[in-house]
Amino acid sequence: MNPITWNKSKPNHFVAIGRLCIDLNANEINRPMEETVTFTKYVGGSPANICIGMSRLGLRTGFIGKVANDQMGRFITGYLDREGIDRTGVSVDRTGAVTGLAFTEIKSPTDCSILMYRDNAADLLLEQEEVPEEVIAQSQMLLISGTALAKSPSREAVFQALEYAKRHGVVIAFDLDYRPYTWTSAEETAAYYNLAAEKCDILLGTREEFDMMERFVHNPDRDDRVTAARWFDHSAQIVIIKHGKEGSIAYTKDGASHRAESYPAKVVKTFGAGDSYAAGFLYGLMQGWTISDSMAFGSAAACIVISSHSCSDAMPTVEQVKDYIERCNRGEIVANS
Amino acid sequence: MNPITWNKSKPNHFVAIGRLCIDLNANEINRPMEETVTFTKYVGGSPANICIGMSRLGLRTGFIGKVANDQMGRFITGYLDREGIDRTGVSVDRTGAVTGLAFTEIKSPTDCSILMYRDNAADLLLEQEEVPEEVIAQSQMLLISGTALAKSPSREAVFQALEYAKRHGVVIAFDLDYRPYTWTSAEETAAYYNLAAEKCDILLGTREEFDMMERFVHNPDRDDRVTAARWFDHSAQIVIIKHGKEGSIAYTKDGASHRAESYPAKVVKTFGAGDSYAAGFLYGLMQGWTISDSMAFGSAAACIVISSHSCSDAMPTVEQVKDYIERCNRGEIVANS
Amino acid sequence: MNPITWNKSKPNHFVAIGRLCIDLNANEINRPMEETVTFTKYVGGSPANICIGMSRLGLRTGFIGKVANDQMGRFITGYLDREGIDRTGVSVDRTGAVTGLAFTEIKSPTDCSILMYRDNAADLLLEQEEVPEEVIAQSQMLLISGTALAKSPSREAVFQALEYAKRHGVVIAFDLDYRPYTWTSAEETAAYYNLAAEKCDILLGTREEFDMMERFVHNPDRDDRVTAARWFDHSAQIVIIKHGKEGSIAYTKDGASHRAESYPAKVVKTFGAGDSYAAGFLYGLMQGWTISDSMAFGSAAACIVISSHSCSDAMPTVEQVKDYIERCNRGEIVANS
Amino acid sequence: MNPITWNKSKPNHFVAIGRLCIDLNANEINRPMEETVTFTKYVGGSPANICIGMSRLGLRTGFIGKVANDQMGRFITGYLDREGIDRTGVSVDRTGAVTGLAFTEIKSPTDCSILMYRDNAADLLLEQEEVPEEVIAQSQMLLISGTALAKSPSREAVFQALEYAKRHGVVIAFDLDYRPYTWTSAEETAAYYNLAAEKCDILLGTREEFDMMERFVHNPDRDDRVTAARWFDHSAQIVIIKHGKEGSIAYTKDGASHRAESYPAKVVKTFGAGDSYAAGFLYGLMQGWTISDSMAFGSAAACIVISSHSCSDAMPTVEQVKDYIERCNRGEIVANS
């Protein structure tokens, strides 16, 4: 039921490539950012969050990316070190680029937004030669994330990483993570998402993200099965399509589909839900669990993150996730609103 | 002794044009930014600080600039409103530009630095047509600041403002405020600083800033008198050259030079010293005080700002400055270190 | 021996996508361009030349590209019309782009160079939506050319064309045509050449062009068989590697290699040799000829072009090529120098 | 009546700064460029043409500019050498820029147009440090031209040249030569034209060019006297406003205005009229002639150029101009159409 085969002889479990930046979370919540005055600094960026999540779950992890040569960049590398994430693949920019920023605004648990600073961001300056073949070759899984495809040279660095992963038999997961503000056009976005997706074993994204990829494809009913089937013609083994509150469906190459339990949560904000879900789900797959069990584990991990103030810093351990599931099963956790 | 004549028939005292942005001051001081975790948000930017300073000193003020169409931009315009600064001349960007940021780091009272986010900053997108002739025509003084000359179209907007000020007999002050990171080259910087300075009545800058402007001028001994004389051939009446701890000297077109008292301070950080000095000095000139008295008032205003955590928010009232001078005269304030 | 299967039910033989520009050939030859005074205007650009060549050989052809909205652009479309090339797929730029120019300099038959004008060239502005799926679907072969991959949005337009060709069972030929001046870096070049080559049935390039594509590949001896084998793992059926004067070798997926006769020529200049070779070779393949016979036909076509002053305008008919081969066989043509 | 005083102790008469490029004139005239096939190469660019004109008239001249490091650039410097123009001030680009091109199209004597190639043009890359102070200091007149103000760093180089001319008492002439295609916006254009014009002794331009400069000025009736008066408040001594077929009017600071004779011509094309007029007029002023006589001399020089195929290459000698005037006076030349 779990169609992925891991090469257990590789010493490391997981390496992610892409965005590595700073979240500045407003300390004053439930109000617009015009009225917030103080902010707390965290490491952020979708693949960074997933990598931190995997590390908290006990896996041997690494990161490939680029940080600014400033205090923000050094804050990030210090954090990776403390989390035990190998940063052999993290380069330091020498061009005067800055660290991407995300100021969060939490007007209510369901009305959250982000103000991004992405101009001249160091993470998009990662170059092909800075992608260490050996780091990928020694990992059982590579995770790529859509934002890193938005601009050169980071875009080419991701394709280089895909090439190395293919060459060395590394399982590839693609978290679509589509952020329109870094892209030139929806057409360009579709082009590179599709070129990358062709090479991946596991795809995770929302229905809207898959729609964007189907700009030049005939799927008038936005049919999940049509969407998934397209990738099974290439390298994919598992395609997860998320439908927000209606839950996620996983399709596998054998034609099966899978749904999982969902859990209640006392939601503070929605940020980080997807990243913690991805970490939990991929962790489950690596344990050889069924797809449904892996999805359930991801859902519980997501509940923990959205119940707290940060994303990266709130990523749970295995014990915390299991405990959360048990408490839900005992009816001890009830959703707000 | 005060060579400036003000057109008192104009209803407003002061209008500034240029940078309008956000300071994010680390709450944890006396440590590197790698170790700071929370930040407090203030309005910032040199001309904005001076304008806020003038408003606190009781003058009728206005601002000409551009803010991002986001929460940061609205925070700024809300602050200007609360300070009673006319913002007829403040446009809102429609291109997706962001608000410039300055993260401050205070390692010690004398070791302070700033991490700037200036890519795609809204303030540099102010256009010529957005400079309201009437707002300038109705003001007794226009203040320009060097940073706004760094890029088009803001650069041309400043020259437009200078043209309007000339046309309507408005006194022009130029706070050099040279920030290398926004400029393409030192040569380009010199070109536009000189073109602007030719049109100004009052110039304020450090020795190093005037050196930059003399890149293609023969002044091998970096002689202040040579520097000042060059501008008296154009429009200048007063040239103030700051020599850091050794104090400032004001030169006037009649060949005289002036120095002022300095005051002790319990320094928290050095940021904002120049802006509060400029506000205090220009305020004194507008009262018809002597140059030396105006300089002393500026110095005392600066002491108050560098003794506190913020720049804009710490700008003093007339009473606070006078009180500070009296306390210094009574020996009640002693410098740290 | 000819491994390509053509879908003869498609009404058109051939469509090319990419560069479409102007050659300005110095009328005064055998001297440096500093001394040439008059120039003659021709349609140029590698895929345009090949397409014109195919048309002259009697095939039903089309072109997909973009021309400037000026006299040069209209000169090009007029020429395509006169050659009977369908230009449904040729868009007209609306941004003020110009037509790419190539000034040729012929110092001697073996010392030729080109002075290129490629800044803001219209052909590189072709967009994905401007690639007509139907034109590709109705053609038996699509030819892509490396230069069109050099910049967005033309790069994405080529990938879109590849996607359509795959979708509709169209044979894809890739003429590498690497021109360093349009590319940002050798690494970026390798990335996109490789992504495109994976999808192609026929690859034609020089040893140096394949070297460039192997920047991140282990092939220390620059071994043609290693080079060719890499692409047989993807879609390729035929890989032709050109070794200049030492001739070309064609490798096929079945492990065989093929060489062809070469012919003497009275060389005026070397420009256009590759384009006429490609046209002749691909024409032969489409006739079902053996690879060696197709290569010989291409070689003879190339001899005709390099014996004349222009490239596009000198593309021969089938009769002219056959006649040239016969005259060579009768010993009537002897090489110069 | 000639208000300009020349410093005759300076060894050189004239130096021009700015555009230096290539004209490609269609050999086939009286037809659209879609139908022209061959082109002849000439040196071009307004200030280059004027400088060549001044040299032909027997003056000691120099040029300050930048050429591409290619065959086109070397063609230009070779031509300057042959014309006896000092090119100490002509730098060679090292960034891969190209030579600006102007393809001319002559549909009829009165319907002429130009297709420009100005992207990445070397002449706009002239830097401030490349402007030789000594070359300007040793010249009696500096000519600037509007196109060189269109982009950095050429724009700053022109302001540097103006600064040197002011410093060394060199008369400054400004040929407005407004070409919209190189400018970002009409507002930006007005800003820099005005900043430059303030510093010039002689202004020459069309009514439309002065209109452009008055974008932010109140002159609703487009009154020539209002236009001229504005510049007399700065440095100007002579302002020439051209009204096409209705002739030109020269205004002088003393309030006088001047018109000149015009001459008939057998017009081939209109290109080069303004440049040859400027050369002739400025030559006359340098001889101490009256303004009217200088204007007449310029008009006759212009007639000669528009009666021939090229611009630069057709610039006349003094004898040719005088001969033309005499023949007109004898009624030997009659206008076409």
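Which chain is which? They are A, B, C and D, in the order written, and residues in each are numbered from 1.
Criterion: a contact is a pair of C-beta atoms (placed from the backbone, for glycine too) under 8 Å apart; a residue touches a chain by one contact, two chains touch by 3 or more.
For each chain, UniProt lists the protein as follows: A, B, C, D = 5-dehydro-2-deoxygluconokinase.
The structure presented is a predicted model; accordingly, all values stated were derived computationally and were not measured.
Any chain that touches chain A and also touches chain C would be listed here, but there is none. Counting the residue numbers used at the interface between chain A and chain B, over half appear in both copies, so the two copies meet with largely the same residues. Chain centres computed from CA atoms place A at the largest separation from chain D. Rounded to whole angstrom, the centroid-to-centroid distance between chain C and chain D, based on C-alpha atoms, equals 44 Å. Taking the mean of the C-alpha atoms as each chain's centre, chain B and chain C sit 61 Å apart.
In chain D, no position touches at least two other chains. If you check each pair of chains against the touch rule, the ones that pass are A-B, A-C, B-D, C-D. Touching chain D in their complex are the following residues of chain C: 24, 27, 32-34, 36-41, 70-72, 74-75, 78, 96, 98, 101, 103, 105, 115, 117, 119-120, 181. Of all residues in chain C, those touching chain A in their complex are 127-129, 152-153, 156, 159-160, 163, 184-185, 187-188, 190-192, 194-195, 216.
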